[in-house]
Structures are given as structure tokens and as C-alpha cells.
Amino acid sequence: QSNVGVYGIIDAFFSYAKAGDNKRTGVDSGGAYGSRLGFRGSEDLGDGLKAVFTLEYALSVDQNEGLGTGGLRARQQFVGLQGDLGFVGLGRQYAPGYAIARYDAAGGVPFGPQALLSGGAGASITPASPARWSNAIAYKSPKFGSLTAEAIYSLGERNQDDNRRDGDRWALAGDYSSGPLEVGLKYHHGKEVAIGGGDQKEWGIGASYNFKVAALYATYQTVKTDDTDKVWHVGVRVPTSSGRVYVAYGEHDAEDSRNGARAATLGYIHALSKRTNLYTAYTHVDNESNQNIPNIRPTGVTTMPGDNVNGIVVGMFHLF
Amino acid sequence: QSNVGVYGIIDAFFSYAKAGDNKRTGVDSGGAYGSRLGFRGSEDLGDGLKAVFTLEYALSVDQNEGLGTGGLRARQQFVGLQGDLGFVGLGRQYAPGYAIARYDAAGGVPFGPQALLSGGAGASITPASPARWSNAIAYKSPKFGSLTAEAIYSLGERNQDDNRRDGDRWALAGDYSSGPLEVGLKYHHGKEVAIGGGDQKEWGIGASYNFKVAALYATYQTVKTDDTDKVWHVGVRVPTSSGRVYVAYGEHDAEDSRNGARAATLGYIHALSKRTNLYTAYTHVDNESNQNIPNIRPTGVTTMPGDNVNGIVVGMFHLF
Amino acid sequence: QSNVGVYGIIDAFFSYAKAGDNKRTGVDSGGAYGSRLGFRGSEDLGDGLKAVFTLEYALSVDQNEGLGTGGLRARQQFVGLQGDLGFVGLGRQYAPGYAIARYDAAGGVPFGPQALLSGGAGASITPASPARWSNAIAYKSPKFGSLTAEAIYSLGERNQDDNRRDGDRWALAGDYSSGPLEVGLKYHHGKEVAIGGGDQKEWGIGASYNFKVAALYATYQTVKTDDTDKVWHVGVRVPTSSGRVYVAYGEHDAEDSRNGARAATLGYIHALSKRTNLYTAYTHVDNESNQNIPNIRPTGVTTMPGDNVNGIVVGMFHLF
């Protein structure tokens, strides 16, 4: 059948981590990229218009778990139209903050400082499930010179007479790309979604500059509920003959300083081919007294509040 | 691999509905046709005999749900043989009443009067899950002139010494098709499957006549447990330059009149191609004091008994 | 897409079984081989090295169950490298005892004496889920003349300071194949996995000899926890013009004799093609007072301790 393509990523890794007195050794799934299986296709409708769809499910390559079972089931599922005026899609789709990974020196891997710290801050501008929005209508602009823009609205689907907008989320973003420079700006807004009530508003900015011998990356973001937390990271990637080394450092500066944390990662990706890569990384997290990232993900070590964490991963990912 | 084909339908829609004081706005899955992903194939065994199989799973394109998770998991799953003497299959298969949709002016969409009212009457002659039977052996005849026949037996699989047949279901059906006229007759029987005990027996008849400028559709069915309920609908489809308009009206005449309801739908389908369609529809339901259809499906609005419902949908479905 | 192949087996059957006073008639899934759908592929990396992956999920063709839902979700999921030095994989993989089926006259079908009795003895050297190990790193040697060897280590992933190795499992195996003779030796070790605590150690040996007019099969295995149980079976396969007849008999000699059982199976497989087969079999199980195999699988009959079981199956399996 020519109407659908099957694709995916399988990522399995060996991990060891220590958090306080807890130690854990494991063979786990999705160290660098979430393991997934997807189905996608498009149909040419004429006049530059296309129907497009994607069905993409998470999987745990190390477990007795099916396709799209467990906590993260559907990574994205949508159907839409793509044309000269851009893309419109209906379904479960990524909010633009997911692509903050583009400005992350660690490339959005779950053990990188940006991913860990934005997760610890409760951000939805993060390369993980908080940026996967159900019940959504999304728009992506065509390219205007060096600029693209996108927007999404996700319905909370409250079924009451009043407060029907509670749980709704919306986001806007713009990305600029020209030569060695890339810059992106994101805004996420959630209505009555904060823990304890109230709206959650987030800004995020990311940038990268490619000097050829090395590329610099940085992100800065704010998460405003009753408190305002800030998360930033800086890092560098250095290409090698068959891969790249990267190092990244970041901080979560919490309004309640007991919730803050600092993290650093040193990693290496070795390309056996465009589709098959080996990787290794070392991550250190320094948690303040109330913070406990990474709790479980990605090395699976149980972390008590205030515990510092050291973890290493050695794995492989294969794209198909 | 040539032994299996991947196919499916993705249907996503925007909906708004009001039921009494409840209002709901949503982006949902399966407005016109249930979103699905399937795998099927056949093998030529010689002498006109073929092995055939289908694995077809439901999905919710708007949700964090995997393939074949949630309430409806498997739409159909079977393996069988197809030859000059017809088809025999083992597995989870459709009872013939599912295809009552063929005589429904709304084409079996879940917001159409036939689907809504047959569901409200507890019928298994309905284009929905009550006509999906597990543990089943099914037979479909070859075509005898204008006639085809089919039968199915589904085992309740009770594991006791006595009453082993409780929960069994069986069905027979015949369809006639000649020129502009199509007629179908269905009988479903469930042993000790009625709520409160006892057998459930259902008759259904449907017909359509295509006048070219318009086609007429009608169904009539009875659902007999202790009470006997009747459901009927009439409707018309009018082809347009790039799609069709349809209107349908139906009633559920319950023996206990408090369970009855009336429904009407006006809809339009716009074909962007054979595989990609846009659609919109308006449905009104007038529930008697004990009835609450549609409760949740398809617009997701919570409906209290006796509440009238008004809903609109605007969506897209894509076949692949 | 050429990077991934879709494959599977659909196996559906009609069954009748009687266990004591319980009787059950059903249409079930996986009589001979577990119904499954899989995705696999490989990539040539040069120098004889390949990246390989498999994602294989269980399904119940008779039920309203999705792909990889229910008790057995993932049959196997792994990514690895294959080269001149053998195969190394990470993920959920088979322990070598799964392939004891190669020396089983009944071919590892779930109603055969080896499968039933090894299951009743709590063995992981068995053609079923106890030999599917999560969190595993596996190695398979290349062929050394007539010999191959394999090893696997599965992590229990305990998350504590002490006893981090509890729940770990490891296994070693060697297989010899030369002309009509095949012999395999397996060792499985589970650390603190026995019911009631303690390690579980298993040895298994299997052999087959093909005399052309018939082939002989035999297995013998021990399961050592506090007690040591023994399971053995012998059987024969006789090829026919379009299939094969097989008969097998086995015993579970339990240290606590009340847990023992004896089983015999007579079966026939009829090949409609290489990919499509019909099958039938009769199985008798004679349980001692505390034993109740098969409890549920494969004929679905509920078996009380001490009840004898008689079952017949008639089914079809199709490979794609």
C-alpha cells in the first residue's frame, strides 16, 4: 500500500545512576529519543493542497508493554491540510515549546539540563509530554523569508455550563533561521491549569550559532503561576570525525529557592550511519532541598527531595 | 513486505453541543467514521480458495490514547477462508446488523438518527460496537443473482457446567440489490443478554432507492426483551457537484414511552478527493423523560435524562 | 518505506474442554502459535555489520483487545548489532529456554505436554512468557561448525541501596545441529525470583533425530528452588502427504508429588500452503491433587486442583 509509510525510532540503553543512597542499574528505553512507531501519509489534492496525517505511538523497548500503552501513549495523532497558506491540523499535536530542543546543546535528550530543569519547573516549554496537547487545532505558517510562525489551541473540554474555558491552552511561536544563526521565541498559556489553581504563562527563547568548529546553544524561559520560575542553559557542540561531543550546563532559579536545581551533562554521539547511532553521557544534578529531578526519568533512579544525582547512560538509537 | 497492507481512516472534528444546561466544545475523533488503523492481507491457495485476514484497531486521534486502547479496542480481528462456497471466518467479527448503515440516509455516522436511536434502544442492529461480536464464527455466502446471505454465531464462553449457552448470540441476514433498489433483512438473537435477564431478539429491515437526483433511505427495527421497542428512520440524500447533502428523521417508539426519543440530522459532505472529505452536520434530539441519548458520543456532551440536545460538527476524514 | 517490514501470525481456533465438572466451548486465539503483529528491519552498516530491530506485539484475535494489550503485551522488542562476532541486543528478548520448543514433538504449541507441564512446574525453560525477559542484554554467537551458543542477562532493576541484584536473571545455552541430529542444552538462573524467596535454577536438555519416515523428540528439565521438580516428554512426528501427525507424552515429577501431572497429546497439522495451515489436536491431562494445569490456557476451561482435563481444538493459523 502506497498511502501510508511506517517509521519509527528504537532507542535502548544501559544506565547506572545514584541519587543519595539509591542506586539503580537498568536496561531502559528512550535514552536519547523516545522509542516510537508511527504511520504517516499524504495525498495530493491538486492546486498545491495536500491532505496529511500522522499517527505516532510511544513504546518501551525494554518492557512487556504494547504500542501506545503506559503513561505516554500517543506522541502525536492528527489529520490536516497543507497548502500555500500553511498547515492546519486537528488532533493531538505538539505545542511549539516542544521544539525548544532545537536550541538545546543536548538536542532535547531527557538527561540534558534544559529538559531536566524545565521538567522540574513544571514547564510546558519542554521537549516532553507537557508539550503534547490533546483536543487541539494547530496552524503552521509557510516560510516568510527567514521566518516561520505557528499557533495552537487545545480545548480542555470541560462539560459544564460555567468555566467551559478552564483547561484550555494556547500557544504562539516564531522561529528565525539565517545562515549560522537560529532564534526562536515561544509563548504558552494555560487557563486554570496551574497546580493549586490559576493560569500558567510561559515565555521561552532559544538561540544557536554555528561557528563550524563548534556551535553554541542557549535557552532562557520563565514559568509564571503564583510564583515565577526561571530556567536557563548554555552549551556547546563540537563535531568529531564520526559524531559529536556536547556539553551543557543549566540552572532552575525558583522563586521559592528550595525548588531550584542545577544540572550539567557531558555527552558523545557516535554515528554508525545516518540512521544508527551509539551514544553515551554523564549527567550531574544538584537539587535544592525540595527538588527531586530526575525522579525516575531517564535513568529510573528514585530521587528523594534534595538528593544529588549522578548518572551515566550508554545506548543505541536506530531510525527507520 | 507484500503479504500485508496497512490501511485506515482518520476522522477528526470540531464539535459544539448543548444538552439542557450542559454545553461542550471539543476537538474529537470519529465524527463521521471511527478513526482506525488496520492490517489485512490474503493468500491465493489455488482452486479459487484464499486465506484472508484483517486486524483493525480503533484509535482516538484527539487523545493521549494508543492504538486499540480505551473502550473500543478491536473493531474486527479475524482469519478465514474465502472460496466459491463463500467465506468462513474465526475471530471478532461484525454481526450483519452493523451494515444497517447501508440503508441509513446518514450513512451510519454516529450523530445520525438511525445510529442514535438504535443505540438508545439498546439494539445490536446498529452501526456501532453492539454489532461487533467476539468469539465468533461467521459465514458469508457468494452472490446468488441479486441476493447474498450471511450468518454468525458468537460464543458467550461461559465456563460453567450449566447454562453454557447463556451469552451466546447468533444472527442471520439477507441483502437484495438490483439496479436502483437495495433491501436488507436482519435478525439478531442474544441468549440471556438482556439487562435484567432473558433473551433479546431483534428484527431489522432497511431499503434504499436511487432516483439519481436523490436517493431515499428507510429503516425499521424492533428490539424485543420483556418490552418491545421500535426504531425507524427515513431520509434522503441529494448529490451535489462535489459531495452530497442528506437529511434524516427518526423515532424510537419505546414500549415504556418515557424511554423514547426523536432525532433529526441535516448534513453535508464535501469531497476534496475520493479519500479526503470535509463534513458538517446539525443534529437535534428530543428525549423523553428517561432517555438521554447521545450520552457522550459523538459530541461529548453529558446529557441528563429528558434533556434535549442540539449539536453541530465540522470535520474531516481521510482514508488511506 | 523499505526500512521496515510488517509481519505476523493469526491463529484462531474452536475449542472444547472439560475439566472435572466444568465444560467450556470457545472461539479463541493462539491455539498453535500466539497471534502477533510485528515490525522489523535491518540496516547494512558496512564491514559485515548490521543494525537490526524487532517490535513484536501479542494480540487476541477473538477479543475486543488491541495490539499489545492484555497480559502478554510485547512478545519481544529489541535493537541490536549483528556482525561477524555474533549478535548483541538490548531490550525485551527471549531467554534461550524459549527455544526448547525446537525439541518438542508438539512444536511448542500451548496444549502440548512439554509446554503444559513445564508451565505447571513454574519453569522459565518453556515456550511461553516466563522465557520473555525484560530489561535484557542478549548475545548470540555466530555458528562454530555445528555449534551455536547464546547468553542473556536481565536486570531486575531494583531501586534500593542493598539487594540490587535481586530479580536479576541470566541464562546460557548451546545448540548442536548435524545431519538428522539436533541437541540443545540450556541453563537459566533467577536471583531471588522463586515464590517464597530464594533463587531458581533450571537445567534443560532437548534432542531430536529425524529418521525421515518419522522424527523422534525428547526433552528433560529440572526446576530447583527449595524443591527440585523434573519435567520430561517424548514424542514423534510423522510427515504425511500434506502435513504431519504428532503424538507426545510427558510427566511432571514434582518433589511434592501432589503437584505432579501427566499429559498426552495427539495432533495433526494440514498445510494448505507454506503460510496457511489447519490444525486439530486432542489433549488429556491427569493432575495430581494440588495441580490444575492447564488453568485457562489454551482451551480456556477453568480447572480446579486435581481435576483431569480433556480438550480438543480445531483451528487455523496464517503467517504473513
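Read from first to last, the chains carry the letters A, B and C; within each, the first residue is number 1.
Heads up, the rule we're going with is that a residue touches a chain if its C-beta (ideal position, glycine included) is under 8 Å from a C-beta of that chain, and two chains touch if they have at least 3 such contacts.
All values derive from a computational prediction rather than experimental measurement.
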Equivalent interface positions on subunit A and subunit C, same or different at half: different
Rotation angle superposing subunit B onto its copy subunit C by C-alpha atoms, nearest 5 degrees: 120
Distance between the centres, which are taken as Cα means, of subunit C and subunit A, whole angstrom: 40
Numbers and ranges of subunit A residues touching at least 2 other chains: 6, 66-69
Residue ranges of subunit B in contact with subunit A within the complex: 5-8, 10-14, 21-29, 37, 59-67, 69, 272-273, 275-276, 300-302, 315-318, 320
Sites on subunit A touched by subunit B in the complex: 1, 3-4, 6, 39, 41, 43, 45, 49, 51, 53, 55, 57-58, 66-69, 72-74, 77-81, 90-92, 129, 132, 134-137, 154-155, 157-161, 164
